[in-house]
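Every chain is named by a letter (A, B, C and D) in the order it is written, and numbering of its residues begins at 1.
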Amino acid sequence: MKPFLHAFRVPFHELDPGGVLFHAHLFVHAHEAYEMLLREIGFGLNRLLKEGKLAIPLVRATADYRHPMHLDERIEIALQVREIGRTSFGLEYRFLHDAKCCATAATTHVVINRCSGQPVPLPAGLVSGLKGYLSEGT
Amino acid sequence: MKPFLHAFRVPFHELDPGGVLFHAHLFVHAHEAYEMLLREIGFGLNRLLKEGKLAIPLVRATADYRHPMHLDERIEIALQVREIGRTSFGLEYRFLHDAKCCATAATTHVVINRCSGQPVPLPAGLVSGLKGYLSEGT
Amino acid sequence: MKPFLHAFRVPFHELDPGGVLFHAHLFVHAHEAYEMLLREIGFGLNRLLKEGKLAIPLVRATADYRHPMHLDERIEIALQVREIGRTSFGLEYRFLHDAKCCATAATTHVVINRCSGQPVPLPAGLVSGLKGYLSEGT
Amino acid sequence: MKPFLHAFRVPFHELDPGGVLFHAHLFVHAHEAYEMLLREIGFGLNRLLKEGKLAIPLVRATADYRHPMHLDERIEIALQVREIGRTSFGLEYRFLHDAKCCATAATTHVVINRCSGQPVPLPAGLVSGLKGYLSEGT
């Protein structure tokens, strides 16, 4: 299926003294793409914060850096759903500049009850929304 | 009176491509010094967050940059209370490296009721705590 | 004259525990608007970094916060040039959400020779570019 | 062997609206521990930046989050060297609060020639320094 797309420009304040994107910022951009995906499928974090019952903490994050990203480059994040479990889901991200894949990342998220802190089954609407972006071969 | 002191090391990720501290990070370090001052006088933000009644939003921030700050430099922040009003207070910060003042900053904070969003008089304990760090000539 | 416009969405990672934009991030967004303005007038920081002769350090930054900014709000920055001096220039920013001005900011920048560290006259092209965005009444 | 230790306090500006450390900041703290280790063994990034011949880009970063970290908590990072290769090395980090492991992380770094961008053998001094912090069972 088609990935969810989210683009950003590499800003000055995210560069390191070598003039390339400092690695930790990649996770921030991945999170922004994830926020936009959740909004797209009707599960925006804003709604979650307001309702106050569920939270979706991130329990794992990984990134592989292949090519440095430079000031003003337009990076397109192609986000796909890698896995949908009973109480968790996994996302994967490719960071593309022109045709080149500069980095990949993956995150795993668990849905919990905010009071108990315990994992709960993914809401049905979240599952169906995520299914629209399942990666190939999953 | 003696200022409240808080030191930090300039870390790699706060440098810009020119190898100097990116300006906006100065405000983050000023805020950390402010957090430590509040803790010192028994009004830590942690307690405020847990009690949930009051908040202390920042309504004004200014900084003047005189000398660039570089990787690994130890910067000492000398924080003083510039002004204590009925519902607000003002702080001022000097960023010192060795004997040199690299930057100054100032912030103004208002105490509000978290529900109404309206300013409320500073708690007596906060006033007396802040008085211990009033700047000379105030 | 018309301001230069640059918009952003308030992202999750810039919220504080009270659910509102942490103040220091305002300066980061102001800087992004400034980067886009410089590009627009042909003086992008990328070119400056590559040529290596000039730098434009920020020597002063101020912000006034009027209304909190929340997750997912679209904030439009209206940037105008407040002042064009011999070796420096001043910018001012309004942060607008719908019709409401949530914050204002101002920055002062000096053009220096990167080797000597000394201020140098603004390049003619920079002056003429900035003039296109001078604020009313200047 | 004994790990390299580096501690930090969870600051207000790294909290998310849920009042816990936003995940991407973990990588920033891991990087600060790494900077301190390099200094300790005589290979500080400052020296690298000044000499200008070598760079040590990060090519992989992973983190597992087990327990949320809260405002003012003192987190101790226990850093060990997981692996020393010909042109790269791997580090691992445990984030400890009291006796509890809140998170773990790992990073892989490659030493490159800054001009060619190509991997080069680790300098002998770096190898011997890293060996002092090799993890058990390696």
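By definition in this document, contacts are C-beta pairs under 8 Å (C-beta built on N, C-alpha and C of every residue); 3 or more make two chains touch, one makes a residue touch a chain.
Note that this is a predicted model, so its numbers are computed, not measured.
The most distant chain from chain C, with centres taken as the mean of CA atoms, is D.
Compared on C-beta pairs in contact, A-C and A-D come out with A-D as the pair having more.
Remark: chain A and chain B have CA centroids separated by 34 Å (rounded to whole angstrom). Annotation: 23 Å between the Cα-based centres of chain A and chain D.
Look at where the CA atoms of chain A average out and do the same for chain C: the two points lie 29 Å apart.
Annotation for chain A: residues touching 2 or more other chains are 12-13, 17-19, 24, 28, 31, 49, 71.
By the touch rule above, chain D contacts chain B in their complex via residues 11-13, 19, 28, 31-32, 35, 39, 44-46, 49, 70-72. The residues of chain B lying in touch with chain C in their complex are 17-18, 20, 23-25, 27-28, 31, 49, 55, 57-66, 68, 114. Interface residues of chain D, counted against chain C in their complex, comprise 12-13, 15-19, 22, 24, 71.
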